[in-house]
């Protein structure tokens, strides 16, 4: 379970999150919707520990433990996974090499034994097949020259290999066509389980047709403005965010 | 083969900030008196039973050297070297030229085993599918063992210490020695010509593809001893050879001088691939001690369609001054230079290449990756030139530098000189640090900062690592990681 | 300070020593003396000096032409919309200049007047910037400077008209001149300065000009160095010294059409945060002309940006040289530097030497450079010829495009047209250069 309590975050002088409260239970898929520039991506970066954000107040608890003091890789090992809005290209680093390094680093950090190559390959092959990822792609440098859809699929593949406690999907739908969106969503849905929570950040209702949320939160002006069920997303699709930003959107 | 695998295993055991090759071998040695004079030059020549022409050749170089000055243009800084305070000849006492491995001092064999270079020919142990590597081991001033000689000689390949080649194959040595790096070339090369002690000699006859990798392993052991090896490789028409070179030295507080000369000659349609993993002792974390590595390496693509490729991984030495070059004389000849230079601590590297296009349709390619960390200075210096008659010459140069930390420097100094309108040169260079985005991405996936840095650095140098024979590539990758230990955070 | 004599003085060096004796009394004596001593120690640069790797001034300057003296001049027609300041044969000529038309906020003096008064502020600004301090030609200029203009642009002044400093060489026989001009641009001011070197004489002049800019915080300056055609005996040295304070913007274009030895050197120092420089250049060379552009951009403060784009078109037996060095000092984090030099060799006997350098002492930087050299692209040429253009027209079109990319960036519209026209006329006369 992730609990965010009274989170205040600024970048330099600019206040981005202003006392945000949010709880996502294990097994729950929560969607956060909101207009551009309300701090949705900031929230995902603060949870995962990116530098450059000043947390002036509040806490982020993962299963009761405040993770704000931890390094990003320590949070990852504890089960925080961020699917990036724009997955980064890393020239020269073969995807397979990277996957193995990440999986084993997390296992080491948790005191588990590292996977040997044959077991690891088997695991990757199974996961890749499910996501329609060609094994040849894994020999290429990470994300370099991948299409938007391929990059997103690669992130979902990593999620399925790393089996996180809590997954954040940051605008996963951006830059995806319908087919890619469907494949990515199926990948996510396959990972839904009673002991894993998700936070789906999106601007549009469209993604939520594929990944059905249990709860929908409307975020604006640095905090959650309204919480409801899936019907809230449909409502927003019609009326827009006007009511929440206090001016014509 | 097993030797290589053991090397790899050996390197894998290397842990943080320890130069594991820093041990000394306790072995009795025979030295020439300290200092340099005509007598010392004669002494070295006599020790090796050299013919008179070579003694004269050395003396001429020595006299010339007396009139020369150390080059000052490189971006390296070190206290003046007292050339009279060095030993120019040191040989393990028990080896007046062993005939077989059984005669080699077991202490020496243990030394090379410790370094991961067993000199026993382990055909029996090595699986059938394993590749063989013939090794010439040079300990201070002399070659102590050369393996697989019989098998090579069946193919007509000559692979032996150069001192032996002088005696056994004088016509080849006389014809080619100094023909690529003239005696008068530069201060260090001239010094080497006067006092060179040992090194490897390779001759591949026409039409022969050398049946195994050849390798020389250099080890400086003695205190205050300069190492001046000389390597000469001749690939006759339509032949091929791949040659590997490795170097280590004990940890010592004082600096040690290494001034080698390597000459490569490729005749018509021949190809030479020369790879180096240079891991001389770099000095301690305060910059004390370490090897001064002043090396002249040059290949002459003398024949048409000839091809010379230099690959180097430079992680060691306190000061490196080294520009493996290609003279593209034959029409359609090709030269390549692939380099990874890692500097940390107080290391200073000034390295690069020269590609001299003389023939028609000659091609060259330069990929250089510099990584500076700690308080080090890392300079790429390279020259590409096309002469009037180098119709259709092509060069592509890519030169990237990565900085880790704000106390080091990364510098790029290319000279691009074209006197031919049909020559096409392209040069690109970048300098940057590891991107925060890349680091964060890796850390988000669970890697520590150090692991993430190592991973990204490996990606950065990958293009060059791929040019190394596979076993060497693994070794080089580990070495790079070790060299950068402690540079993060 | 003791002066160490260099091994053996060349004839030209001896003549320069004589010229220095004659200039000694003309103000700024301490600066002149120190500069002379520095020059005397170094001598005229040869290729052994790394910054002069491809240009041997000592060998080229065999004898020194006598210093020029003011005489009667017929001025070439002025470019529309520009205010002109005439410096002929090393002397500022107010009577020929648009002095009265200078707008409010722009103050003008002659360098000779300022030096005679030993104005401390000006002398300080004349002192060598750190990064140009080792250059013998700049030092020689400081020792022998005859005259020039000193322009002060008051803070927040926007000078609408372009101010042109016209550097003339006249007379029947070759003369040498040493001019130094200084432009002090106040905070937030904007100005456009053109430096035009023109010979009204067929005999090759020997010129050594220094133009120094001190650019205040947030000020914007656009500069053009117009180095028009000259004979193969001309020796022409142009040094541009720039110091840019925080958020200052400096743009400069060098347009070079020849001379036996042309050396344009730029020493630009980004002294305040978020300053930026954009240095461009076009060289069109034929015959036995030799043009060397050497620049050092020094990032001394964080968050600065530098861009350099140089294009050389080389015909006949000409030689082009580009040496560009970007230096990032410790602490100059977030430096963004990019440099590009491209050369087109049109003839079999032309030569191009490129030396782009990076010298970096800060880690959080993005710096890069590129250099290419080759002939016209065969595919492009074929495409144009296949569409019906005669070969020479197709070539001209491609060359114009190659050089024109740089010209496009000029802010002053009239100047863009002028330089496009100059490129076309150079192309039309190309046959003569061989």
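Chains: A, B and C, in written order; residue numbering restarts at 1 for each.
Please note the rule applied: contacts are C-beta pairs under 8 Å (C-beta built on N, C-alpha and C of every residue); 3 or more make two chains touch, one makes a residue touch a chain.
Just so it is clear, the structure is predicted and the values come from calculations on it, not from any experiment.
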| item | value |
| --- | --- |
| Chain occupying the middle, per Cα centroid | B |
| Centroid-based (C-alpha) most distant chain relative to chain C | A |
| Cα-centroid distance, chain B relative to chain C, in whole angstrom | 44 |
| Whole-Å gap separating chain A and chain B, where each centre is the average of the chain's CA atoms | 49 |
| Whole-Å separation of chain centres (CA-atom averages), chain A against chain C | 55 |
| In the complex, chain A residues that touch chain B | 48-51, 71-73, 75-77, 81-82, 84, 87-88, 90-93, 97-98, 101-102, 105-106, 109, 141, 158, 162 |
| Interface residues, chain B side, partner chain A - complex | 435-438, 440-449, 451-452, 455-456, 458-463 |
| Chain C residues within the chain B interface of the complex | 50, 53, 330-331, 333, 343, 345-375 |
| In the complex with chain C, residue positions of chain B that touch it | 73, 388, 401, 403-433 |
